[in-house]
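Written out below as structure tokens is the structure these notes cover.
Order as written gives the chain letters A, B, C, D, E and F; numbering starts at 1 within each chain.
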Amino acid sequence: MLIESDLDAVRRHTIASEEPVDFDDFWQATLAEAQNVDLDVRVQRVESVLSLIDVYDITFRGAGGTDVKAWLRVPAGATAPLPAVVTYVGYGGGRGKPEESLTWVAAGLAHLHMDTRGQGASWSVGDTPDAGTGGPQIPGVMTRGIQNRDDFYYRRLITDAVRAVDAAKQLPQVDATRIAVAGGSQGGGLALAVAGLRDDLAAAVAFVPFLCDFGRATLITDSYPYHEIVDYLRIHRDQAASVYEVLGSFDAVFHARRATAPVHFSVALMDATCPASTVYAAFNAYAGPKEITEWAFNGHEGGGIEDETQAIAFVKKHLGV
Amino acid sequence: MLIESDLDAVRRHTIASEEPVDFDDFWQATLAEAQNVDLDVRVQRVESVLSLIDVYDITFRGAGGTDVKAWLRVPAGATAPLPAVVTYVGYGGGRGKPEESLTWVAAGLAHLHMDTRGQGASWSVGDTPDAGTGGPQIPGVMTRGIQNRDDFYYRRLITDAVRAVDAAKQLPQVDATRIAVAGGSQGGGLALAVAGLRDDLAAAVAFVPFLCDFGRATLITDSYPYHEIVDYLRIHRDQAASVYEVLGSFDAVFHARRATAPVHFSVALMDATCPASTVYAAFNAYAGPKEITEWAFNGHEGGGIEDETQAIAFVKKHLGV
Amino acid sequence: MLIESDLDAVRRHTIASEEPVDFDDFWQATLAEAQNVDLDVRVQRVESVLSLIDVYDITFRGAGGTDVKAWLRVPAGATAPLPAVVTYVGYGGGRGKPEESLTWVAAGLAHLHMDTRGQGASWSVGDTPDAGTGGPQIPGVMTRGIQNRDDFYYRRLITDAVRAVDAAKQLPQVDATRIAVAGGSQGGGLALAVAGLRDDLAAAVAFVPFLCDFGRATLITDSYPYHEIVDYLRIHRDQAASVYEVLGSFDAVFHARRATAPVHFSVALMDATCPASTVYAAFNAYAGPKEITEWAFNGHEGGGIEDETQAIAFVKKHLGV
Amino acid sequence: MLIESDLDAVRRHTIASEEPVDFDDFWQATLAEAQNVDLDVRVQRVESVLSLIDVYDITFRGAGGTDVKAWLRVPAGATAPLPAVVTYVGYGGGRGKPEESLTWVAAGLAHLHMDTRGQGASWSVGDTPDAGTGGPQIPGVMTRGIQNRDDFYYRRLITDAVRAVDAAKQLPQVDATRIAVAGGSQGGGLALAVAGLRDDLAAAVAFVPFLCDFGRATLITDSYPYHEIVDYLRIHRDQAASVYEVLGSFDAVFHARRATAPVHFSVALMDATCPASTVYAAFNAYAGPKEITEWAFNGHEGGGIEDETQAIAFVKKHLGV
Amino acid sequence: MLIESDLDAVRRHTIASEEPVDFDDFWQATLAEAQNVDLDVRVQRVESVLSLIDVYDITFRGAGGTDVKAWLRVPAGATAPLPAVVTYVGYGGGRGKPEESLTWVAAGLAHLHMDTRGQGASWSVGDTPDAGTGGPQIPGVMTRGIQNRDDFYYRRLITDAVRAVDAAKQLPQVDATRIAVAGGSQGGGLALAVAGLRDDLAAAVAFVPFLCDFGRATLITDSYPYHEIVDYLRIHRDQAASVYEVLGSFDAVFHARRATAPVHFSVALMDATCPASTVYAAFNAYAGPKEITEWAFNGHEGGGIEDETQAIAFVKKHLGV
Amino acid sequence: MLIESDLDAVRRHTIASEEPVDFDDFWQATLAEAQNVDLDVRVQRVESVLSLIDVYDITFRGAGGTDVKAWLRVPAGATAPLPAVVTYVGYGGGRGKPEESLTWVAAGLAHLHMDTRGQGASWSVGDTPDAGTGGPQIPGVMTRGIQNRDDFYYRRLITDAVRAVDAAKQLPQVDATRIAVAGGSQGGGLALAVAGLRDDLAAAVAFVPFLCDFGRATLITDSYPYHEIVDYLRIHRDQAASVYEVLGSFDAVFHARRATAPVHFSVALMDATCPASTVYAAFNAYAGPKEITEWAFNGHEGGGIEDETQAIAFVKKHLGV
């Protein structure tokens, strides 16, 4: 059934929370700090059963100097720089195995598939550690380091995501002038964050994005992972103000306000994990050219393969393929 | 946790049910009847966002003359006949979209991906109707036509699966002397059935196969779809003998006794849907060369992508790739 | 708790969907086509442990010429024509055993208890097959043949229900001028459909009827069987318009607009399976004399035996008993 | 699935608990105490929509002098004494409405349908209060008064059940020499208790009986109502010995040892509520002539209507109908 | 998530049900009847492992003369009269063990911890029987005796709660002029009732109180124990009016209208057991000085230990400690 | 119901896994490394509502130099050194609020209540961060750093637990010659580990301990937190050997083999979280004087307050109180 029954209100929804006054300063400082560490991109050819696709094991230094992993997939034997997409993974997953996630490269794009630090165990394999300090937390990453904006898990992960584009630009198989970012759920939230933090993207894609309008999401759904935040506040009752203040610096809605690349969204009206109004909060805030596909009968699976094929068509168009 | 705690007994398990005395006659007659209808293979090129892979929409006449759909995926521009795999889909799913299930073709094989009549709605799209007559039934297909062996759903579906190989052999992109069959769960059960009913296969693959040792499966698990049979017998209390007699002609364990192609199995020890002993019933009965991978901590997802990469390596070896 | 909290809105609710312009033509053609097959009513006395009631096994040709089963129950030794009720069964059930469902006959009426094609396994026994062609579908019957109005399961079932009254009129134990129809849930939806398609009924009864206002029901509840439609559209995302167009020809609300027999409804305010507003959609649309009992604290069980006793009193009054 | 996998052990199972040494004394005293109160049977004709059946509202004094209700159903106009069955209701239910439970009377028997004190609210209506004193308890009746054998709920209920037969014998519509007792689940346990406490019964019937082998049942199932006892002992950890000592005087297995009337049992192999071995404990202990029907694929619904029709045939035979 | 999304409406909510016209008469008569039985307070020193705290086993005669138990906990060796708190327990629990619930006494107060008749088994031990007569009921106590206001369970329990204060005043360790009452959930509802029925209290505390605005609670939540009432009315469909009429005499909102002692409430916005609006119904009705703490992210656990520490501070202030 | 039905086998169970050959070396090195950092015990008096108890906020340096928090609770005004207990918390919890967990101090002991690094959010508050590096992991701590024995979360937590005793010995309120350790579930596993790693304890207590016989626990239960390990291995299929090798160094069974202090265990036969055989694995391995209480009807709540009072009596005896 519809998660939120008033569809007009859903489609018009804008975020009610205030943006932190130092939002830009915070992210400028965060990325500047990260840039103090050399990217140190390493590339290693991977053996696989695939013959149409070459896979490379990519390593670069992300937030705090951690070695972040990714797969680069290109058409077999590709040598000339290709238009490329950098993708981010949903909550709990990692970059998976080399032989997974072949759609983007099968469409002829170079595909840099970034791993997710410290996740990569719940539904797909990851290889990237998370080295941050964290106070008491609910299992998962939504409250890892939530006591302090500088320690919060997503500060590190978003930094990784921004730097993955830098890494992509250094790869010989990638045309550095034609790069898109994409992802679904957490991956979609990261794509929005990167779109807000970079001005060199050709396109962005966010399927049923997570990390949008925390203040509303935590009040209208009991689904995880948003609900991790509620679980934390049930016990740490005195930290509500500080927790939401921290989250304010990581809300993809505020990143969307700063984004300029053309974007393709999807949203699902029966999605209890990322309720439609929270997705519209980001969509309505998005500053660049935008389009959205609404899936009327889907939950958090959204458009599935249809999201992917729409996104590939959108990205190809904007990358001039 | 382990579904069956005595692992030695699991690995040694053999079916206790008697094979129908006319098992071979039944299937010979079934396939002969089907051959009265021309295969009438039709091929239509499909437009897609993929550039490394050509996809064709295949139609052939299956059981009862029904138009059965499939996708043929080949490396883009492939013209010479390629070694090929025919795959079957798990319960509830259909062949999906052209852009899905790219691993086999990315490995360089021609991949004929058969649709599943009347399913294709629960988790992936199908386009093939089922036109059989059916008495009262539990939702699903496990008891569709269960009142009579000739009307039982799986008589039609297994016939389709056998004929899909015939269809593959007629395709110009396929090397008719080098064909494997493969699938997981219901798809694995179908692969075993086809392996028992054909003698021209180069290899077979069955991941966590379904349709094995119905007599035991229905007593040791409450998971669907095996449990559909129990649900039926809860109400049709007087039909237990006749239902199991019908199922006897469709038990993949009995097909396995007749199979000669080299086979790769997988089995998962925490699989409540297709409990390990029922898979071992088929494995232990399998007459051809055989190997099995045991996933100690998995449920019905089995080895996931690792099942696929193992299978591709196995198939490539036996297809001389 | 209340499924829909604004009770005034619930009680005033009318359907928002448009009626198909050819609704009457479609049903006229459907019934005309059915009439091409002779009813061929067959009657067989059944042995049972009952001594106050005689039970007959009735067979007549329904949609597509399928043999549809029913029980006729009459007071033991009854020979003169009696006022009669034709009842329809809820989702998943069949006509059951001869010894079940004795209330109507114990009240002195002839009771023709129609079986439900292809159901009759989930909670009560059935004996009637369904022989239609069907495309990919969700387990159950809500999407069986949904691709095409002429193939849709309920076209056949509603036709059976209409013809059951014709069959009743041919039975010597039935007074053909005094017939009512009745049922709960799916049976109630069928009773409304029959009431809309026949003008020779003395009364109709619909307890917590199903098949009403599909467009609303699928958006406001996650309960099955309405949710089968949503499940289908989650995967067949491109068929929403055509699916609802097909359903339009089977919405009991539109049948209710054409009904003239006096009717008794029941509705339950805590019913998640058939939410109260969808029942009121049919009630408010019903064209004949009408009354409704509201059960404030019940779910889909509605009034249970109290629904039955109210219905019997209502029917007896309108049948002049 | 099978609740207990070793079917041979299930069928051979006998109770391990010791019978209280004063079991017979306790019940002799209990019934003697009850007999100090006059039965005071009151009969009131009930108006209903039924015309084939006459229903009377019966009241008699049960344990502690409480007015216990029952329905008497007889064929309409019956005046001569009829062979009769006294039935008991399953856990949570009451005697229901006059128009319910018509099978026995439709078979031509007089049917006294005893209400269940203090229950009659969870799934069918009751009208009989329970007036006992009770210590702390788990919701339900399994631990009401469990602190003391004389206060235990089932002492009162079994006494009511025994006296219901006395009441039946006083009714002019009942042939006092031809009375059977019957019931399912709790009702089956009561039938066994009455069969053990009376020597004037023509037959007894126990479907999937409850109240059997408490010591085993509480260890092998988590289903309610047996689990109420475990819930109690989780908190009242020091009362295990006394609780099982109290239960010993109410175990239907011990009553079965004393029963002489011919009995028909049913048992269901997938019944988690009353696991098969506990039913076999009673069956194997039963001292009179006995038969049992095993339902291989059923849970606690057992044989449903088929249990009833088998029972009616069995009872009719033993009542000489 | 928020149980009720319109927080302004929640906070302003007042009860819609009418107060029984004889509310005061009923309670005056009830308490007068109870006073006919002497309190007969008995005190017994309890051995325990505690050395900082002395525990006494208290017995007094409650409603109907039943011996009601309580623990008195005082600082070890305390002899002079101390300011005291009388507390009541949540649904299903009893007074527990002497060594439990030490916070109040550790804060230096005399703590009389009243047991709950007939409960004391679901999560903490009780020792007090309930001896009332009850008609058919749903497991639990919400419908025990609901057929008649004089028989209703809470008439007895509230009487016990009122008399516990009388008992406290007779204890030498208690300063009879400085007594507060407190409790959470059911205990909070009892505290409100006592506050409305006595004029000699120094303070009252109600955490997430139960027993407030039955008419609304039963319509907006499916959580137990309120839902017991709905379960009852699902079967006893004709008793809705009488059930709510009975409940009207026990609604803590009406007691709150009569209360004069300063009160501290807590309420939790994600509480499905005692929805916030029903708590505000009592708070807004409360006639004495009042304050409320709102827990934004909690369910029925409310503020947990933080509720307790706030309450202790509040009570100490009002008891002049 | 019983989690493991063969109680004799449960009680005799011994671990089958091999102990790492360098178990002692590993722990010697681990503790030696920790000792390189000064304990730096800091003590701060805490204001609270309690008047019988003084609470101090304790900080000491645990593994990796992290500031680990604890509460010290002593009888108000206590100045002389008291016999003391150091307790550890169950999974997900932290040290809570000063006013919680008062039983040990109310019994007259000094009570040092150690916080749990990085937990302290799921059910009680914590204040201690965890600063380790961790690879991909399942939410929770069971697989945090599981890739490498030196990085594994429990290496740090056990080190903290050992050092908490060192910290206790430095406190003026503690008699350093009379210290016990205690805990339930995870806290019980930690108590066993400390008992195996220290030789200066007067007593140890482990209620339903966790961290025992990982190899068996992960195969026989699906309950968390053991199941986190299975979840990890479902995805990281190739790491089973290395994961169990790492766990071997943290199995409390192996610590128990080295323990010399008298110990009190509890075990619950219906405990699915820490199945009884795994607890007996530790109990049977325990090298010092030992006793165990078996709770026959409890799940993981074990003996609750009765565990505590038994433990206090046991500890007092061994501490000479």
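One rule holds for everything that comes next: a residue touches a chain if its C-beta (ideal position, glycine included) is under 8 Å from a C-beta of that chain, and two chains touch if they have at least 3 such contacts.
The chain lineup, named per UniProt: A, B, C, D, E, F = Acetyl esterase.
Quick caveat, the model's predicted, so the values are computed rather than measured.
For the pair chain D (Acetyl esterase) and chain F (Acetyl esterase), chains touching both partners: B, E.
The rotation that brings the Cα trace of chain B (Acetyl esterase) onto that of chain C (Acetyl esterase) spans 180°, given to the nearest 5.
Over half of the residue-numbered contact pairs of B-F are shared by just one pair in C-D, B-C or D-F, which is D-F. Each of C-D and A-C has its own count of C-beta contacts, and the greater count is at C-D. Among the remaining chains, the Cα-based centre furthest from that of chain F (Acetyl esterase) is the centre of C. Centroids built from CA atoms put chain E (Acetyl esterase) at 63 Å from chain B (Acetyl esterase). Taking the mean of the C-alpha atoms as each chain's centre, chain D (Acetyl esterase) and chain E (Acetyl esterase) sit 38 Å apart.
As a whole-number value, the distance joining the C-alpha centres of chain E (Acetyl esterase) and chain F (Acetyl esterase) reads 37 Å. Looking at chain B (Acetyl esterase), residues 306 sit in touch with two or more other chains. Pairwise, the chains that make contact are A-B, A-C, A-E, A-F, B-C, B-D, B-F, C-D, C-E, D-E, D-F, E-F.
Contacts from chain C (Acetyl esterase) toward chain A (Acetyl esterase) in the complex involve residues 218-222, 230, 233-234, 237, 240.
Remark: chain B (Acetyl esterase) residues 92, 94, 118-131, 133-141, 143, 231-232, 235-236 touch chain C (Acetyl esterase) in the complex. The touching residues of chain B (Acetyl esterase), counted against chain F (Acetyl esterase) in their complex, run 1-2, 5, 270, 295-299, 301, 303, 306. In the complex of the two chains, the chain A (Acetyl esterase) residues touching chain B (Acetyl esterase) come out as 48-53, 75, 96-97, 99-100, 102-103, 105-108, 305-306, 308-309, 312-313, 316.
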